[in-house]
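See structure below.
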Amino acid sequence: MGSFSRRTLLVAGAGAGLLTACGSNTGREGGGSGPGLSQWYHQYGEAGTERAVQRYAAAFREARVTVQWRPGNYDQQTAAALLTDSGPDVFEVNGPTLDQIQGGQVLDLTELLEGVKDDFSPAVLTPKTYDGRVWGIPQVVDTQLLYYRKSLLGDAGVEPPTTLDALVDAARELTGDKVKGLFLGNDGGAGVLGGTPLYAAGLQLVTDDGKAGFDDPAAARTLGKLHQLYADKSLLLGAPSDWSDPSAFLQGLTAMQWSGLWALPQVRKELGDDFGVLPFPADGGHGRPSVPVGAYGAAVSARSTHQEAAKAYVKWLWVDRTDYQEDFALSYGFHIPARLSLARKATKLRQGPAADVVRFTTDHGYAQPLLWTPASQTAYQDALSRIIRNGASPERELRTVVRKVSAELDRVKNAKKTP
Amino acid sequence: MRRRRALWFWVFVGPFALGLALFTYVPLLWSVGLSFFDAHNTVTPTHFVGLGNYTAMLRDDAFTDSLKTFLVFTAFIVPVTYVFSLSLALMVNRVRRVRAFFRSVFFLPAACSYVVAALIWKMSLFSGVRFGLANTVLGWFGGDPVAWLSTPDPPWYWLVLVTVRLWLQAGFYMILFLAGLQRIDPVLYEAAAVDGARPGWTVLRHITLPQLRATSVAVVLLLVVNAFQAFDEFYNLLSDARGYPPYARPPLVYLYYVALGQGQNLGLGSAGAVILALVVVVVTVGQARWLRLGRTDGDG
Amino acid sequence: MDDALVRAGRALRLVLLIALALLFLIPFYLLVRNGLASERDITSPEWTFFPAELRWGNVRELFGDPSVPFARSLLNSALIAVATTLGTLLLASLAGYGLARIPYRHANKVFYGILGTLLVPAAVTFVPSFVLVSSLGWISTLRGLIVPTLFSAFACFVFRQYFLGFPRELEDAAQVDGLGYWRTYWLVVVPGARPVFAAVGTIVFLGAWNSFLWPLVIGQDRRAWTVQVALSSFTTAQVVRLHELFLAAAVSILPLLLVFLCFQRWIVAGAERSGID
């Protein structure tokens, strides 16, 4: 109880402070001197991440860096803030998007990578490159995969599935009274899978010459099989936490779950050796396993009043300080460092399922192309949702999507380039 | 004298009007302006596109579908909420000793935020797994768990959306009706009793409802505006980190993804918003005409 | 015969009311049950009406969570809600009175200009509002969180309707006594209009306490988080801790329930005498 009353006092004091301090937006300041920089992160779930990034910021000597930790819809907040002068100087972004680059909202960071560009995983650097220039420095590589319970598969006499057909069968076999076969997120997979099944069919979202990459009968065939999973009632739906959280898998609500690499430490802690990992299985004659990779990148706002300092900070943190990069990737959550040399070195990534994941990523990783804009994504995701859950005709849905995506690709190709 | 009155008028109304002009009208006109430009990721666009955004929006199936869905939703939810809250008010009004208790219970949910209500509905009451309360009850009767929010066929999600809305809002409208009922002169009921009118339907139809006319008009107007501007509970119940499903998507939620997320197509989003506002204006004005709003001044 | 029917009807009504009241209370019960349970109890496939042990330690855990300044956010919300309520009441009641009582040629035009904004969804003007407030330099300030939300057309509308029905005799007497509009307003009108102030004040307070999107985007600094923003930070983390989430939700509505229970008498009285219609 004693700690409570002390806290009450503290809070009262803080409240008085709020009235006076709030006007000046001082925030948490680093130990450095020089210009003040504000740096934004989205809220990471893993304990310790926030303290770690504050520690990095405080160690930078040439500027006073204020870290802001943003809960809620991060994309929306950064997008709005970039329209104003009170936005961040440095921010992490699931992009930058093509429109942010074309609109001149972020700075060209190509020079920061001089001499080390080849050390960054090309899968995640490519979508941050436009017109041969680099607009965001990849922080870590994130990837998604299929987790399965070895014991449950063994009991049911099911082999780990290596084709989409086998996955559909396995999910059906594993579905019982209390347990579902597969969890692809509470929406049945439309959100998280995205282009993954297309790549598993040997197709892609956008071709190298900038056209819709799934105008092909194979696409409809593959997506139709996802509806089969739903129609068989093999999918777990409406779990309290979504695909990104391994809880459903750990609570025994599902035998297999699509989730992120970040869930691996927690899964290993709770299940020991009773689990395995797989890429999204291949489908059809031209198919190959498919593993989505993505990266939050560090970008510098074009509205920053201290552009050079901001660039210097990004170079310092995400290029030079490999010790911090390794710490950030592996000490709190579980991500693959974006630097190939660091990923090779990391002992945690060299054994067991983690090593499998690194191998999948190298062999089968694909990243969403830069030309795949949010408008295309919405159109495609709507269609996928209708195919999976409403049993809508994949051919017809895809025809509409191809039309919309082609129009969107034309728009961004014709958009004025940043001077 | 007139000049002095005008001065006083602006002393009273001026500060409010000034603030409203700055914080509502300026952004509003700005939005309307944006709707005529190609405004990707900018609020100071230079590329004028005329009505291009409007035609694009009206040709967008996703947007027109959501408008249609919400016309139907409005046609459904307005009478349901109206009847439900009026029934609550009539029942609460008739009990004597514990009236305050019932009134509080039905009114209390109005204090909850949509975030909290959505949390309870999504994670506990209508959770799709076995330990959700609705599924537990189903289980007692031997039913299989239902993924309430995730299955479009049958569209159970409407059950979730409608119950959360009723829970949050019915109490507020009940209070308005209760206030209206208090204002009815008891003499009217006595006269009806003398005339031999049986309590119940006849009295309700010939005395209570006509006397509640002013309240009814206000309630219906609020309900309609509210139904078209639905956002919070839909967003909190159905969206996830990757977006929003293509069903039960209110126009505002769709525009939110067009303009405010990473989409940042502010021109297109503003055009959609203007179209939506026009629809709301047409529907409310039409309905006010139909209910002859003009009469309330005389009645009330 | 008739008497029995009436009595049966009354009993039926009471049963129905009690059933509905129980249904309405279930969500509150779930908040408390889940908030004080362990994670395992919440997700257990066997339903228990109350967890085996009520874990009051959850409360300490919630307020001690280093990653979410929950106590601070409660305080911010209280400050903002109180300031917003007072400011709104002042501005809207003055405007409502002016519109209702001071004859002026363009009063109707002004009134419809105010009323019309009710039809425009706030989301429509969201981005320009944000840019505007930011260009005033009000990001992460109390000013930015409070001032733009003070001009509630709804509140103004309710006040105007109320004052239209306010007995004129009192004011006339005051005018005769030589009090101008200003002093009449403060000395005669405000004291007589307490119910509507309480009613509108409660509604504004609830709205301010529960608002989410604006404080989220304006309150960029963590120290300016409101309770709704803090609450959302529990849901957007990759790993959701259910008991903490439910408990935070329960704590966040507690002050409101108190305000509400204290003032609901006034809301009814206020609604009765104005028309919120």
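Structure notes:
Order as written gives the chain letters A, B and C; numbering starts at 1 within each chain.
By our rule, contacts are C-beta pairs under 8 Å (C-beta built on N, C-alpha and C of every residue); 3 or more make two chains touch, one makes a residue touch a chain.
For clarity, every value in this text was computed on a predicted model and none was experimentally measured.
The chains touching subunit A as well as subunit C are B.
Taking A-B and B-C together, the pair of chains sharing more C-beta contacts is B-C. When chain centres are defined as mean Cα coordinates, A lies farthest from subunit B.
Subunit A and subunit B have centres, each the mean of its CA atoms, that are 35 Å apart.
Centres computed as Cα averages put subunit B at a distance of 16 Å from subunit C. Looking at subunit C, residues 43, 45, 127, 131, 232, 236, 242 sit in touch with two or more other chains.
Contact with two or more other chains is made by residues 73, 76, 80, 83, 178, 240, 244 of subunit A.
In subunit B, the residues touching two or more other chains are 43, 123, 130, 241, 260. Those residues of subunit C lying in contact with subunit A across their complex are 43, 45, 60, 63, 67, 71-72, 75-76, 79, 127, 130-131, 134-135, 137, 139-143, 216-217, 220-224, 229-230, 232-233, 236-240, 242.
Against subunit B, in their complex, subunit C makes its touches with residues 10, 13-14, 16-17, 20-21, 24-28, 30-31, 34, 42-45, 47, 91-92, 94-95, 97-99, 102-105, 107, 110, 113-114, 117-121, 123-129, 131-132, 147-148, 150-151, 153, 156, 165, 180-182, 185, 206, 209-210, 212, 228, 231-232, 235-236, 242, 245-246, 249, 252-253, 256-257, 259-261, 264, 267-268, 271-272, 275-277. Listed in rising order, the residues of subunit A touching subunit C in the complex are 3-4, 7, 11, 14-15, 18-19, 21-23, 25, 27, 43-47, 50, 68-73, 76-77, 80-81, 83-86, 178, 240-241, 244-245, 247, 251, 260, 262, 266, 333. Across the complex, subunit B is touched by residues 73, 75-76, 79-80, 82-83, 94-95, 97, 99-100, 102-103, 105, 178, 185-188, 190-192, 194, 236-240, 242, 244, 248, 253, 374-375, 377-379, 381-382, 385-386, 389-391, 400, 415 of subunit A. Those residues of subunit B that touch subunit C in the shared complex are 5-6, 8-13, 15-17, 19-20, 22-28, 30-31, 34, 43, 88, 91-92, 94-95, 101-117, 119-121, 123-125, 130-131, 133, 136, 167, 171, 175-176, 178-180, 182-183, 214-215, 217-219, 225, 228-229, 231-232, 241, 252, 255-256, 259-260, 266, 270, 273-274, 276-277, 280-281, 284, 296, 300.
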